[in-house]
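The same subunit A turns up in both complexes below, where it pairs with subunit B and then with subunit C.
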Partner chain A sequence: MPVLIRIARTLRRTLLQAVPTILGIVVLNFFLLQLAPGDAADVLAGEAGSATQESVAALRARFGLDSPVLEQLATYLGNLAQFSLGFSPRYGMPVADLIAQRLPGTLTLMAVALLIAILLGIVLGSLMANFAGRIPDRVLSVFSLLFYSIPSFWIGLMLIVLFSIKLGWLPSGGAGTIGSQLKGLPALFDTARYMVLPATSLALFYVAIYARLTRAAMLEVKSQDFVRTAYAKGLTPFGVTARHILRNALIPITTMAGMHIGGMLGGAVVVETVYSWPGLGRLAFEAVMGRDFTVLLGILLLSSLLVIIANAAVDLVHAWLDPRIGAR
Partner chain B sequence: MTSLLLQVENLTIGFPRAEPVRNLSFEVRAGETLAIVGESGSGKSLTALALMQLLPRAAAVISGRIIFDDRDLLGLDAREMRHLRGRDIAMIFQEPMTSLNPVMSIGRQIGEVLKAHEKLSGRAARERAIELLKLVRIPAAEKRVDDYPHQLSGGMRQRVMIAMAVACRPKLLIADEPTTALDVTIQAQVLDLLDTLRRELQMAVVLITHDLGVVAQWADRVVVMYAGRKVEQALPGELFNDPLHPYTRGLLSASPRLKHDFHYLEGPLTEISGSIVSAAGEVGCPFRPRCCQARASCGHQVPPLIAQTPDRLVACPFTSSLKAVPDAAHLSL
Partner chain C sequence: MSTTDFGAFPAVTGGAYAAPATSEQATAPERPAWSNVKAPDARSQPTAAVAFTNGRRALKVFLANPNALFGTAFLALVIAVALLAPVLYPDDPLSMVGKPFLWPGQDPTFPLGTDSLGRDVLAGILHGSRISLFVGLMATALSLTFGVFVGAIAGYFAGWVDDLLVRLIEIFQTLPSFVLLVVLVAIVQPSATTVTLAIAVISWPTVARLTRAEFRTIREKDFVMAARSLGFGHGRIIFREILPNALPPIIVTSSVMVATAILMESALSFMGLGDPNVVSWGSMIGTGRELVRTAWYLTALPGLAIVFTVLALNLIGDGLNDALNPRFTQDR
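== the complex of A and B ==
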């Protein structure tokens, strides 16, 4: 099957590029973080309030923070080579365990938000393209501009005000009813209820982007000759839109979606803070404030992995959507 | 006398500010090839799109009738028209490079017509697509059926377009400059194929072209259009031996390859001075600004079509006197 060969070729190329990319990211981030003033020992000492010069020095020695920078890097890379992300001085536990606790929350939040953004964006964009220049297009354009320009923390707060406080329909924060004994389907519904607001606030910005992108791409494809051919075949307008226009318009959208996965991790920091969602974003924020660089490096490493995986997935989707790409 | 398949009566197509096709009438008989000739901007392609009811959004048929198979196409609703398109009337376009969907295999693009009109299953449509590819002489059709358009040459793509167009054995095939984008050797192959299929499938062909060589070789009857109007209609032999309208004469003296003993090195190729743009806003004969025989009376009204024989029409009242004047010799070959 030519499709499988195309996919295999794409995967191999991605894997070969991934290793040096990850190494570069780790080393670069390590040095960048060294530039920040203070370290974990300073913060811990400051929080304790009664630290002496000696106790801070002892803390540093215990976590290896007093050795030369290059030696620290070598130790970190050595750990990495053994698939260990190191140990967090602040939380007193292995970084891998910390991340493993938080990762599922962030991943589901991101996946749900991305799904909402893409589906809603494509539907709204198709509507806008279909009514280009007329009232529905104008109204939706105004809304997409609004969502594009409003920061997500403000949308988050306003959604809480409306749906949690005024209407009381949805919980204002957290990831599940505390102390509930739900199992199976009811538990899923419970999580979904907590997911609605954070996922929506994270998604709205991207909904606006995808709607405008879909609109532009569809209008461009619509004027192509093969669309006229499709109509000349006697296909229904829906058939032409779904099979000919949308499929071609999806290519730029998947490209953007792939690039946004990295950006969404950044957006998750804000949204997770607003909704006290237990995810990686909040962990990253706390790690920065506590100068807990091992945790931060672990998160950065993981996010870069995530971006690389997302890009590979987009490449695969492209190879499937557009046969001309695999041929290059 | 073969029966009439298509009758276009007084068709006028308008954009908000212009009427690129005016009062056009012609008919197509079952099984014949009618060539519509004219330069860019003469309204040929727009006429073709009007027959398919696929005019661009800004354009509309202002008046006239298009009778196909005893039905006025302009009176059909969108659904009825959709049933005709691709099944009874099919069309192939000028640009085979862009007329096929780049992300869909050619087999599926051909199968789509069959699924839409004959309710074939996916497997049956694929089988038929392979047969059709064989019909348009594509080698190794079983393998090619899964190819994508970018894997085919221009001539092959136009064959695929033809396969798609004849999939449901249409009664009328509209070919809008089907070979303009192809090189000359491929042109002849494609047109020969069209002609063979026309005979095998007993369909009529409306061949839109600006290439008089194509007309001479493949057309049964010719309509010459200028600035949205029919200026002359004739059998190809009559047209080339005895062109009547000054525009037709100009066209013929501007083309080099019509007589085998005539080579452009042996005599001048005359151009028709001016451009078709000058017809805009012209009250009388649209060709008047470019016509070297123009007289004062040409500016009063659009010259009506004069029937010399039932198949010979010309929109110029001075054709007999033109022939008598030896000065017009530079216009004839």
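== the complex of A and C ==
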């Protein structure tokens, strides 16, 4: 029972703190986007090619782009209060639907990438900590730094060259075989094939961080008394590492993972461009190019929410991993 | 709950991990004081130990580290190349000079080959180092200045100023930074200056957060109390007393920030959001991308330039971290 109380308390505190942050983000973004030259009506008119002064004005009036800025802000906030993200002039559909279409793609990509990064990072980090100061540690540490220095779009293209063009093993872009009628397990396998390269490109950068974090945290925990006790009571080295050392080392790792959600979303913009992955990142890029500010505001707000939720989740995981944390 | 005071014992809680949980107030829960991603080793470093850094010892440790030396040497090479590029290749690297699609080594005049328009790849890479270094260094300098200033004020004065600034930092850290960067660059027309400014805008919160954490700890030390009782003004205490002691982690962060800024600039120009009139490594990859099936060297070569430059900066950051955070040199 105290576990639940602790978790509830952590959750309440996080939520209360999130409200002003979100409001600040919405207002800041709104004014930021007002600074941009041109609006959706300009781009639509430009693409139509035959727009007149009157038709552009009509477009503006239809989407409320001609009302005073503060009025537009008030309308937007009013819409938000009713959980509506507004209407996209460019795509001709509600922003929420548009985002809902793209969100699963990005979330899966990010989840798979994060999973790869954390697993690989923990394995590498444990190896490094086990051989601390010796040759394997040094070699792996330089390697992890190398991963950290590779731009994700470049490694993405290089992986395409190797695995799609030279070897022909994996597809070079897209999210699934077009027109395939696969169901169940084969369909999952098909998606996985399309997912491997983008997720790896996105994950590689973070592998280094988790590896070094794991190494440092494990070295730190290793010298603690409770680890000696665990050995003394006859646990196997693997048991001690997995149950006692790693569990404690997981706290800084999960903290970082929560902080990386935002960064990964940014990375997804680039990786999705490389692999033509239908996700939120590409939608954001298209919205910037099309001056579709309602969509952009929606994406920025939603991704900020995602970051906040991720951090709340991390707090919860902490409260579960370490009973002392939620005790305040 | 009695566990609260139990958690205050560093020995019980496993040292530094409990520190954020006990010493920080509700404003920034569980966030590590050392928020920079690159220096996770140092993140668990209690700030107190950093205050006793010895400059000469640190330099000795840095110079004894082969990785750091390699990084420094490579960075020196890149800087030399950036400075010499206009002398070695005085022509515009965007001008067409040879036959298109020459592979590296095919023609001795163009050691790294030519692209689809017959532009010299080597000239492009050499000139590209200029924009990468310019953006990396300037953006870091700007965000360091602003971030240290904001962080110092928040950490030193505490109270409502701190609350307000922490909110601001939090807003910037919650927004996905690269998405914000794309938006910022799209709003103002992309040029070397605006890209630099935009990168600075998204990277100052990291510095501010770090500086604030350092200031909060150091503010409570006896020597600051002594300075206060001697009647020193706020400005003098901040800049002459606390700042020098807060510098080591900021220095480590700054070399990594240059690396990150270079990566961000290249990603932006890869997506076509860079300065269109200047050749940059990212834009070379962006144009080579369409030809990746037939002429993959056009993508590979500028990318290697990015990887090695960024790696050099990260190696330097690693070396600085070892040199300035004495505790971690012991595990090695």
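Operating definition for what follows: the second predicted complex is superposed on the first by the 327 of 328 C-alpha atoms of A that agree within 3 Å, B and C clash if a C-alpha of one lies under 4 Å from a C-alpha of the other, contacts with A are read in each partner's own complex, and residues count from 1 in each chain.
Following the convention adopted for this analysis, contacts are C-beta pairs under 8 Å (C-beta built on N, C-alpha and C of every residue); 3 or more make two chains touch, one makes a residue touch a chain.
Being a predicted model, the structure only gives us computed values, none of them experimental.
In the superposition on chain A, A:Arg282 contacts neither subunit B nor subunit C. In the superposition on chain A, contact is made by A:Leu28 with subunit C only, not with subunit B.
Applying the stated contact rule after C-alpha superposition, one finds that A:Val269 touches subunit C and leaves subunit B untouched. Shared-chain residue A:Gln224: touches subunit B and subunit C both. Judged by the touch definition given at the top, the superposed model places A:Arg102 against neither subunit B nor subunit C. When the two structures are aligned on the shared chain, A:Arg90 is found in touch with neither subunit B nor subunit C. Set against each other, subunit B and subunit C differ in how many residues of subunit A they touch, and the higher count belongs to C. In the superposed model, A:Asn248 makes contact with both subunit B and subunit C. When the shared chain is aligned, subunit B comes close enough to touch A:Ala232, but subunit C does not. Looking at the shared chain after the overlay, A:Met256 reaches subunit C, while subunit B stays out of its contact range. Common to the subunit B and subunit C interfaces on subunit A are residues 224, 248, 322-324, 327. Note for the complex: subunit B touches subunit A at residues 52, 54, 82-87, 90-91, 93, 95, 98-105, 112-113, 116-117, 146, 148, 150-151, 161, 164.
Across the interface of their complex, subunit C is touched by residues 13-14, 17, 20-21, 24-25, 28-29, 32-33, 35-37, 132-133, 142, 145-146, 148-154, 157-158, 160-161, 165, 209, 212-213, 215-217, 219-221, 224, 248, 251-252, 255-256, 259-260, 262-263, 265-267, 269-270, 273-274, 281, 284-285, 288-289, 296, 299-300, 303-304, 307-308, 314-315, 318, 322-325, 327-328 of subunit A.
Against subunit B, the residues of subunit A that register as touching in their complex are 2, 224-226, 228-236, 239, 243-244, 247-248, 321-324, 327.
Those residues of subunit C that touch subunit A in the complex are listed here as 1, 3-4, 6-7, 13-18, 21, 26, 29-32, 35, 37-38, 40-41, 43-44, 67, 167-168, 170-171, 173-184, 186-187, 259, 263, 266-267, 270-271, 282, 285, 289, 292-293, 296, 299-300, 303, 306-308, 310-311, 313-315, 318, 328, 331-332.
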